[in-house]
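Next up, some structures in structure tokens.
Both complexes below contain chain A, partnered by chain B and then by chain C.
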Partner chain A sequence: MHSSNAQRAYYKYLAPTMAVIFLLTVVPIIVTVVLSLTSLSYRSANPSRFIGIQNYVRLFSDERFLNSIPISIILIVVPVAAQLILGFIIAVIMKEKLPGMGWLRLLFVAPMVLPPIVMGLMWRILFTPQLGGVNYLLSLVGITGPNWLSDPTYALLAVIMAAVWGWTPFVGLMFLTSMQSFPVDIYEAAVIDGASWTKSVRYITLPLLRPTIFVVGVFRVIEALAIFPIIFILTNGGPAGATETVNFYGYVSGFNFLRIGYASAIMVFFFMMLLLITAPSVGFLLRNQQMER
Partner chain B sequence: MKYRRLSSLKAIVAFLVFTLLISACSSPASAPASSDAAGDTASDAASGDAAASGGDARQFEGTELNLLYFAMTYTDGLQQLLPEFEEETGIKVNFELLDEQASVQKTQLELASGTGNYDIVGIQSGNMPLYGQNGWVTPVENFYGTPLSDPDALNPDDFIGSTMDALKYDGVQQCLPMFAATTILYYRLDIFEEFGIDGPPATYDDLIEIASQIDTDAIPAIALRGSPPSPAGNVWSFGTFFHGEGAQYFADFPNDMTPTVNSPEAITALENFVELLQNYAPDGVASYVFNDVVTAMQQGNVAMVIDGAPLAGRILNPDESKVIDKLGFAVVPAGAAGQKAAFVAHGLCIAADSPNQEAAYKFLEWATSAETMRQVALASNHLAVTRDSVWEDPDFIAKYDFDYGGGSFLTAYQDSLAVAVPDYFPPFAGWELIGQRMGQAVQEAEIGEKTPEEALNDANEDMIRILQDEGYLQ
Partner chain C sequence: MVQRSKWITVLLYLIGIGYGVSIILPLAWVVMLSLKTQLDAFAYPPLFIFKPTFEHYAAIFHDDVFVLAIRNSLIIALSSVFLSLLLAVPATFAIANLTGRRRRLPLLTILLIRMAPGMIYLLPYFAIYNRLKLLDTHIGLIIIYLIFNVPLIIWMLLPVWNSIPRELEEAAVIDGATLWQVLVRVDIPLVRIGIIASGILAFIFSWNEFLFALVVTRRETITLPVAIVRYMAYEGTEWGKISAAAVFIMVPVVIFGFLIRRYMISGLSAGAVKG
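Presenting the complex of A and B:
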């Protein structure tokens, strides 16, 4: 147990950080919650007033909002799963000492240095039916490419592809660094015992990597909503709402529609949704840490 | 042990919250723009003795004004002339020009939060009720007849009446117009000739008939704005079809605000619109914004477009155009209710929260004066002028009266203005909500997700709810 003196010192050191966090996050959250209970809208015929939970009730009869929930979930689950799988495969390959691997690694991390806005612009050009590279490549193998950004199904796929492309390198890099710390003797022992390369990946690399996969997975889920700029540039939530996530709809409601109260309610809902997804995994993460100690 | 666990949990939660806020709240649209606006606290030293010094040209010397709008032909030309104004008055003017959607959004946020960062803001007539109702702009009429005002430069009667009316709120002139737009039909004379078609389509049925004849893989028949799903996007293009059939957004605007966008007339209009886009337009037209439409025509990739008459300046820009000598111009086709063209005016306003009201007025007066407008038109591609005297100016006519054998452009433009619908977008503060919902319905039909009838029925239902929420409907 720590002495109470040490505890007091903790608080002292933490105070400046806590003050900043309070000002920049707690206060805005409280204001957002308060706003969500009002009818504030610059487009309304009536002045703003307190309306209780009416905005929240409205949410559940708003089809556009209801449509955005599954899309948010798809855009969290699918890209993150793909990033983890592809990241693992790439890390396993890059761990091998093959000729030219140094250059390959360098190329491979290139997407990490691009801001999401640039990624969005780049992919938008690639997906353009007449000039885009994607349909050209498809045409080389005899496939007539779809109208990526004006077809609801393909637009969602396009966003997923851009997200996978953008953040797989991060995942792969985390996996790779973790793998490089694995003791070499286990692998040597496996080779002596006659294990094939695939078997040593399956029975040594994968189990050793499991904690890293979990941590990286949690981080990716939390950050999956940083996909906002890509949606903004690539599809702007369209066509017909096919790529509109909950936070994007909140943004549109607030900044385009100027329905501040309603938009606040959407964002509070979004916040709850995110807590619901991340809280259990964070708890699990902490328990894991505890056990390791 | 317990204590440590708790504090790290707290730290992680705090981190989560922080990440969430950053990812959720940072709007990429405002990011690149903030540098100009942020640290500005231009002093307004001169305003105190303004009235006393009357017409002194340099009374606002040293004042810095910030203007916020989007890059358009008028701002292009104005920037070229700006050094003269700055030299004459000693006022410095910073232009912050974004893309259209971003500028509208940023303007509204700035004005709503009263930052005072901008002195002059641009406006589209459709937003006049919003700005007026919330008192975001200082009515320009407040300056009429003051010692500050130069009647020769102001000359309000020289403005085209409809453009002035579009920028009034409660009968008071709020802003001054500098851009008057309507839609016309541009068509390729050479392609029409090749297929033996002797003139522009008179009705929407003719339009579809002609489109089906001239459509080829190399040069599709028509391009229209399929996107974004908003008043500035597909609703702008669809509106000529909509009004042409005699459809209305409301039962009796503004007395009875019951939405009527699923009327038989509206459904017919959307069926025609969708038939053209799905069968006779370039691939991916559902994501065509106005720039794509302009480029398609300018580069000779399409046989017809219906879009803003002011865009002729760009479509026929000698440096870029591949269709000079090949275009005909006509008023939009007629529906059951006749020919109905779009109408929008853009103007400049003095922000109500600007600390430099009087200097801002001086700039506004200069920027919209007949002489400035004439020079802008001659120096740039800006032909959407809002002053009668400029329309009649010989140099203006010489520059812009394109005629390649299919009739005069300026005549088609003026004939279109004559049939333009003044309330093309119903003027009330809630319009954007209705317009965006309309855009969504149009897009759903464009991409075949819903039939025109289903799309409009769903939209009508949603609009009732929106209008009730915002207090326009019981």
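Presenting the complex of A and C:
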């Protein structure tokens, strides 16, 4: 059954699927690279022509583009760090199986499946003065809330808060699932040695969780890099570009300004950023448990 | 288990409850807003007890664009799930039976595609569809969603498929069954719950998808997430209607999410975390 010939018999079940997926992903990526070397614009009457790397050269004197790079980095680092820390705390709490807290795990499902556009809309409502509850809650503790979405710093903070709300449950659930597979006898040995609860979290749970933290972190970073619907509806990249990420600017260049060639160059840059970030983790992905049978 | 002090227990309860409230409150706020009159919506301090009205729900169901969007969302999501299963189920069957490099290579390819953000395909699909006259068609969006759904289903199904005892398949082969018969008569009945769960997860993804729907749909094939954005743009002050539409979009996916919560981990983490 496991001879080479027998294995080959399975190819015809795999090949059509791989062919379709390959066609649908590799062709568009090649098209993007080709477009990025042209002057294609749906707004200009000039025919599209090959202009080499001019679009890329122009990128680095485009202040709006240069401004979007640090925004992308902030919107990766801050929310993902917050999600990992908060997710860890929540997972530790749920692992304790406190009586009467089982409902918390059920609640996690809602943010995980919520349409991102609805999530963004929800926070848009919450941050709108009068209508939303954020400033009302702040006023209860004596703070006069800012005008969230029209102040550059607070708008960025608003996007961060929405991202933390939306993806901490995913992180927490991944951590919890991993923690449940930890061997019980290590904790029992800790009890015999007289370790305190905080020490057991610090010196047993955290080190054992490290590989999972890494993998989940990579997943989150990739998705955080591609954050779009929340920004689209919450701030639309504003005010004054304060929440405009690289991919958001790529979208605006392509679909608002209709400069397809230039926008393609931005997307290629975005893709390179992605590869740069994920390359170190490929070895880890190869060690995935599903890779062997 | 390691003993906690009383203080730590109290602290854990406080953080846990506080976190739970912070998840519920924003959702509850939108649900309440969808049931408030325009006057109640802007009352300050906010009203927590009020006479609910269903006028906003009635209004969205009388809106032709919204009704069309419900229809489009259903057509696109269901067709994409169906086609994705058609492609993903035989592929998972093959991968589950392959070993060594023959297994790792397709799996790694699928994993990388699963992880790549859709953003990188956005412009080329727009340009290609513009050329092929596929903009604003159902099939256009259905094809794009295959990119995300097929890898999602394969990764979610594979652990389920691996749990089938090999003896069952081998016994069937000894009895003279072809591979096709093993797939259809032995394996699919055994993994059917997994197939349903992965199909539901793919449905949730397609139903929620915004970016491509925004770019490749126009008037005829507008989907719900895009329709709600149009509400924002044209009726920016009608928060009741906007919230009612938001609640309507999220209810089915939240229900589905509860149903398949056990399976979601393997689908969303692509097997990276032991489930």
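Going forward, the second predicted complex is superposed on the first by the 262 of 293 C-alpha atoms of A that agree within 3 Å, B and C clash if a C-alpha of one lies under 4 Å from a C-alpha of the other, contacts with A are read in each partner's own complex, and residues count from 1 in each chain.
The rule we apply is simple: a contact is a pair of C-beta atoms (placed from the backbone, for glycine too) under 8 Å apart; a residue touches a chain by one contact, two chains touch by 3 or more.
Computed from a predicted structure; not experimentally measured.
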*Report for A:Ser264: first if it touches chain B alone, second if chain C alone, otherwise both or neither.*
second
_Dominant contact partner of chain A by residue count, chain C or chain B_ = C
*Answer with first, second, both or neither: which of chain B and chain C does A:Met174 touch in the superposed model?*
second
*Which holds for A:Thr198: it touches chain B only (first), chain C only (second), both, or neither?*
second
*Which partner does A:Gln130 contact after superposing on A: first (chain B), second (chain C), both, neither?*
both
*asked:* Looking at A:Arg43 after the superposition, I want to know if it touches chain B, chain C, both of them or none. Which is it: first, second, both, neither?
replied: first
*Touching A:Pro70 in the superposition: chain B (first), chain C (second), both, neither?*
neither
_Which of chain B and chain C A:Asp151 touches, first, second, both or neither_ = first
*State whether A:Pro28 touches chain B only (first), chain C only (second), both chains, or neither.*
both
*Given the touch rule stated above, what does A:Gly241 touch, chain B (first), chain C (second), both, or neither?*
first
*Both chain B and chain C touch chain A; at which residues?*
2, 7, 10, 21, 24-25, 28-29, 117, 130, 222-223, 225-226, 228-229, 232-233, 247, 250-251, 255, 267, 270-271, 274, 278, 285-286, 290
_In the complex, chain A residues that touch chain C_ = 1-2, 7, 9-11, 13-14, 16-18, 20-22, 24-25, 27-29, 31-32, 35, 40, 86, 89-90, 92-94, 96, 98, 101, 103-104, 106-118, 121-126, 130-133, 136, 165, 169-170, 173-174, 177-178, 181, 187, 190-191, 195-198, 200, 212, 215-216, 219, 222-223, 225-226, 228-229, 232-233, 247, 250-251, 254-255, 260, 263-264, 267, 270-271, 274, 278, 285-286, 288-293
_Help me check something: in the complex, which residues belonging to chain A touch chain B?_
2, 7, 10, 21, 24-26, 28-29, 41-46, 58, 61-64, 117, 128-130, 147, 149-152, 222-223, 225-226, 228-229, 232-233, 236, 238-241, 247, 250-251, 255-259, 262, 267, 270-271, 274-275, 278, 282, 285-286, 290
*Of all residues in chain B, those that touch chain A in their complex*: 3, 5, 7-9, 12-14, 16-21, 23-29, 105, 108-109, 112, 130, 134, 226-230, 282-287, 429-433, 436, 440, 443-444, 446-447, 449, 458, 462, 465, 469-472
_Considering only the defined contacts, which chain C positions touch chain A in the complex?_
1-5, 8-9, 12-13, 15-17, 19-20, 22-27, 29-30, 33, 41-42, 44-46, 87-88, 90-91, 93-99, 102-104, 106-111, 113, 115-128, 143-144, 146-147, 150-151, 155, 158-159, 162, 170, 173, 179, 183, 204, 207-208, 210-211, 214-215, 224-225, 228-229, 232, 239, 242-243, 246, 249-250, 253-254, 256-258, 261, 264-265, 268-275
